[in-house]
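Chain lettering (A, B, C and D) follows the sequence in which the chains are written, and residue indices restart at 1 in each chain.
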Amino acid sequence: MRVIAGLLLVLWIVLPVVPVLLWSVAVQWAAPAVLPPSYSLQSFSALAATDTVRAAGASSLLGVGVATVATPLGYLGALAIQRLPRVPARLVELTLLAPLAIPPFALVMGINVAFLRFYLLPSVGVVLVLAVTALPYTAFMFRSALATYDSRFEEVARSLRNLVANGPPCPGAPARWCNRPGILPRVPGGLGRLHRHAAYRRGAVADASHAAGVRCVGYRE
Amino acid sequence: MSRGQGPTTTGRAVLFALPAVFPVVAVLGVSLAAAVLQSLGLMPFIGPPSFSVEAWTGNTGELVRATGLSLNIAATATVLSVCIGFLIAAYVLASPRMGWIVGALSAATIPIPHLIGAGAIGLLLSDSGFLERVLGMPAAFPALVGGPWWIAAITEYAWKESAFVALVVLGSIARSVGDLCDAAATLGATARQRVFRVVLPLAMPSLAVSALIVFVYTLGSYEPVWLLGPTSPEPLPVRAVRLFGSVDLTARPEAMASALVSVAVGAGVILIGILVVRRSREFR
Amino acid sequence: MPRLPAPVSPRRRAALYTAASALALLLTSCSGATVGQVKSFESFDEVRAEAEGQTVDLWMYGGDEQGNAYVDDVLAPAAREQGVILRRVPVADTQDAVNRVLSERQAGRDDGSVDLVWVNGANFSTGRQAEVWRCGWTDLLPNMEYTDREDPLILSDFGTPVDGCEAPWHKAQFTFFYDSEAIADPPTSLAGILEWATANPGRFTYPAPPDFTGSVFLREVLLSAAGGADQVPLEYSEEAFDEHAPAALQALSEVAPSLWREGSTYPRDEQALNTLFANDEVDIAMTYGPATLTDLVAAGALPESTKVLTLDEGTVGNASFLAIPANAADAAGAMIVANIALSPEQQAAKADPAIWGQFAVLDTELLTPAQQDQFELLPESPIVPDYAELSRNAHGELAADWVPALSEAWRQDVASDR
Amino acid sequence: MSSSLEFIGTSRSFGEATVLHEVSLIVEPSRCVALLGGSGSGKSTLLRIAAGLDDPSSGQVLVDGGDLDGVPSEKRGIALVFQKPLIFPHLNVVDNVAFSARMAGQSRQAARRHAMAYLELVHLADFAGRSAGRLSGGQEQRVALARALARNPRILLLDEPFSSLDSRLRENMYSLVEDIRSELAPTIVLVTHDRREASILADSIAVLDDGRILQHGPVAQLHYQPATLAVNRILGGLNAISGQVDGGIHHSVLGRVRVQPGMVDGPAFLVMRQEAVRILPAGEGTAVGNVAGLKSLGAHTLVRTEVAGNDGLPETLTVEVSGDPGVSVGQMIGLQPVNGSGWAVIR
């Protein structure tokens, strides 16, 4: 029973990819042939073409650019939401959520002219728009990361800073921890979460969550 | 909680908020303002600007129909994504070996763009597509791509977004759910009961949030409905993009009106969603 | 702890002001932006001098692999020999390039990123309305001498006078093709095709307008329903539309239940129609670029039994052009490219079915014998007859304004019906 | 409703590492056995195997003589209280306690009524409507206990349930367990690393070390008659004096001490609990020691003495004295076992 459920889920996930994979090695493949009559790796040679390589490079650069902008901004936004009084915090929260509601095509249709008018480099404009659409995700990921930290942590950091201010060196902790309490000590946590997120994307999630949760339904297999 | 302790902390917090808030407000503000102006005929390509609500009132029936269709597609896709996503998550938690495979495969589909996903679903479900060929080209093969029920488009959304839902759910409960399931088992809960009486309620908050995101995303997404839907009727994004790209320069205001309706519906859904989630948390 | 109301910090206020003034700037100068005076050239030598070292961005539909390869491998090297770097910018729809130019004009930019566009009649007309094209430059091109100045296809584009605002590139003839294994005795007129479709339910369809090919089909039905190409005025008017469109729409509505999928949906574009044809779902298909058929059959994308179907009453033909936006940053370089593209060598290379197979716009009688030989020696396509045969009884395009009007009417009456 | 629980040759390995080595143990109905051992000794694994949350690599688990192999956790009728309370966050207090009854198919109302009785037992009836997040640690653990008991388990397994509580709360929990034992008389297996807790709560203690049961017996036996040096150490015994047994008498720096009958002749350690030695003025007692150190335990003091006998190397002997020991470092004192005989172990 459980095996059947698993196979169905695998089928659900994999089936749409199958024709794509087959087409990628097919020379020609007209109906009603269930499988391509002949195979070739020729289409993959296009991967080495300069156009493809350039496009891949541009995409990667764009991705890196957007991540570089959206990650720290999201972190700062999350920090602000955590520290601001209730009403302004809500406002910031809603503002950072707002790009979710706006479909990218609508965003681009409207802003195109403004970018041109301000002589914004096209690449900068694209990064800006994509970063804005990515902000809801980074901000809220950092928010939940920060929420898991006890506020006591902040108090410890604060008392450490007082120690520094009053003379004695910060005991046992690198000086940078004392100088910027509440910021640096937390970043690794947030980044850790990011890394975990990245790991999820690579499929490692199954492993991690598994160790924790395998036992849920069946204790034996 | 120690938040908002006096003006200096608040001031610093405002400073933190600015770099994130400013670009959002600027980009959204400018693009929405430009869209509103264009929809009202105040930013024409040719001729002097002249105020007109024609783009909004000229074809209200079609605008309403497009909105209804978009809402229907988004709602169906969201329900499917949430159900299947939860099943995937529950299965990953439940089965040691197979679960690992299912989880890894599911997570691997997340970086695939919707456009590619739409192409894949098209190859799979279209007339004389892969599925029909595998089934031996039956005469009764239903019109999935371009059919009246938007099945291929909705399947594409469900396929891509169920993986997203599963990822969010696993990320939020994986740490606590194992122990709680142990506790439930020793309290007499069967496997089924553990899934629906423990895992499901635990996953509820992340399911709600991901449902909201999926709904708003599918509402405003263009490629899958354009590639996999029928020629007519049109959902909002398809209508907006078609009019935006029309050779008829006077169609631009209507394109903007369609886009703005899509924005308004998305914003409305998010607001309602936030209220509902808040309310249900208070009731607990 | 009681929550304190947040004081609006000066910085925040400053940010608000910045945003507001940015918007204001946008609003005050949002319309009627005028592009700076277009620099005109007195002679082609002047153009040559200016063009040296320029990089020309040619925006063109990117979905035709043979066309892409021709530009990259044949045209661009020839341009480089004359000191101009040619860069191909692929777009999904030619209107995207026009939109880009329009947006730049709206933003008052005179350093436009589009230098050269492969336009079709509808886009050209749109751009003319908005006055975004540079005009009066084609007479400077030395290679224009090989074209027939009286050729109506070159004088007007979809009913819009060309006026030296675009340089001809190649000719195209709307063409049907069919699967000779499925149809032994193909119809020979458009009315015959519709009859055949009714008699063979589910075996025919056409791309949904506003797709380019679908729009052409619509116009052909309009002309056929009106009793011939000479019955419909080229100029668009509401009266002419109301007189002739209903019959065409009725014919399409009547045939719709017999189309593929009972006409409940239509293929999105020419590629989608080709896929249906290749998968043996329909037996007749159509294209405005018959040149591509040879390669598609050779590559196996279309069955070997594919045959061109010529109509007794002829089909619509046009020339496609290269246009230069008025705000192009590298207009001189663009002219150089347009001139090279018109050269007999390039036209002959492009006409080779193995390269692209597009019909030349040159008048062979104006060529030297050596140049004529280049065309004589071109291999013949096993699928596509020569231009003379394809364009027999051909008629010209209706004015561009017919295009959106027909598409919209089709969407309302035919597509939404089912 | 109480049952017996029996492990027969239960082993468990994870890959290369073997956590349990053929553990055999019998727990009689209504008795309370404490599994005592340090971290990593395998005691929690043994409980998880009993509860069905883990499978033994080999061996059997029997309840009332019936083999549990293949019986899923939820059908075993064995409740487990974990180190963490593991309160269901989506349910309030009473619904947490009512969980097992709901899973068994009872109506919400009946399940809650049933649950209230157990909340009263743990003195939390007033908190029934409270959400799970708003309880203190001690309250959470009491809810967990009530929730486990509400299942009417044949056997109750407690996996260090009180280790995270402060000492006063812990005392309260001990008396709560006493109440529960006298009222419901469940069979209990308690896992703990705290020998005091084991001694207070359990009828017998099984000492687990490195996946093996070293000794299982009544509390007093474990303390005064340990089977090995390790058991002595785990139960807090500080003294092991090397020497020789000859004819039932142990010879060492402490002199001649009568040991248990049946002890074979040869080298052996004399184990003598620190509480079982008395300090006397110098010159009295069976041995003479030199006070080497004093360590206060509050009301008690540990006096570390060095004893040098006629034969052999000097040995350290620690004595636990209540109140002020009245000695100082460097002072010579006399030492004497409280009851004239001692207990010898070979290793």
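Convention: contacts are C-beta pairs under 8 Å (C-beta built on N, C-alpha and C of every residue); 3 or more make two chains touch, one makes a residue touch a chain.
Bear in mind that the values here come from a model prediction, so they are computed numbers and not experimental data.
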item	value
Selected pair, greater C-beta contact count between A-C and B-D	B-D
Centroid-based (C-alpha) most distant chain relative to chain C	D
Where chain A and chain D are represented by their mean Cα positions, the distance between them in whole Å	49
Intercentroid distance (Cα basis), chain D paired with chain B, Å	56
Between chain A and chain C, centroid-to-centroid distance (C-alpha), Å	41
Whole-Å separation of chain centres (CA-atom averages), chain B against chain C	35
Sequence positions of chain A contacting 2 or more other chains	31-32, 84-86, 88, 113-114, 215, 219
Multi-chain contact residues (two or more partners), chain D	52-53, 72-73
Touching two or more other chains - residues of chain B	2-4, 10, 14, 21, 25, 30, 33-34, 43, 128, 179, 182, 185, 191, 198, 244
In the complex, chain A residues that touch chain C	27-28, 30-32, 84-88, 112-119, 122
For the chain C and chain B complex, residues of the former touching the latter	1, 3-4, 6-7, 9, 11-12, 15, 18-19, 22-23, 26-27, 30-32, 93, 95-96, 98-99, 102, 105-106, 122-123, 125-126, 129-131, 208, 210, 261, 264-266, 268, 276, 279-281, 400, 403-404, 411, 415-416, 418
Chain D contact footprint on chain B (complex, rising order)	176, 179-180, 182-191, 193, 197-198, 201-202, 204, 284
Parts of chain C lying in touch with chain A, wherever the complex brings them together	3-6, 22, 25-26, 29-30, 103-104, 106-109, 113, 278-281, 299-301, 303
Of all residues in chain B, those that touch chain A in their complex	1-4, 9-10, 12-14, 16-17, 19-21, 23-25, 27-28, 30-35, 38, 43, 84, 87-88, 90-111, 116-117, 119-121, 123-124, 128-134, 136-137, 156, 159, 162-163, 167, 170-171, 173-175, 177-179, 181-182, 185, 191, 194-195, 198-199, 213, 216-217, 219-222, 237, 240-241, 244, 255-256, 259-260, 262-263, 266-267, 269-270, 274
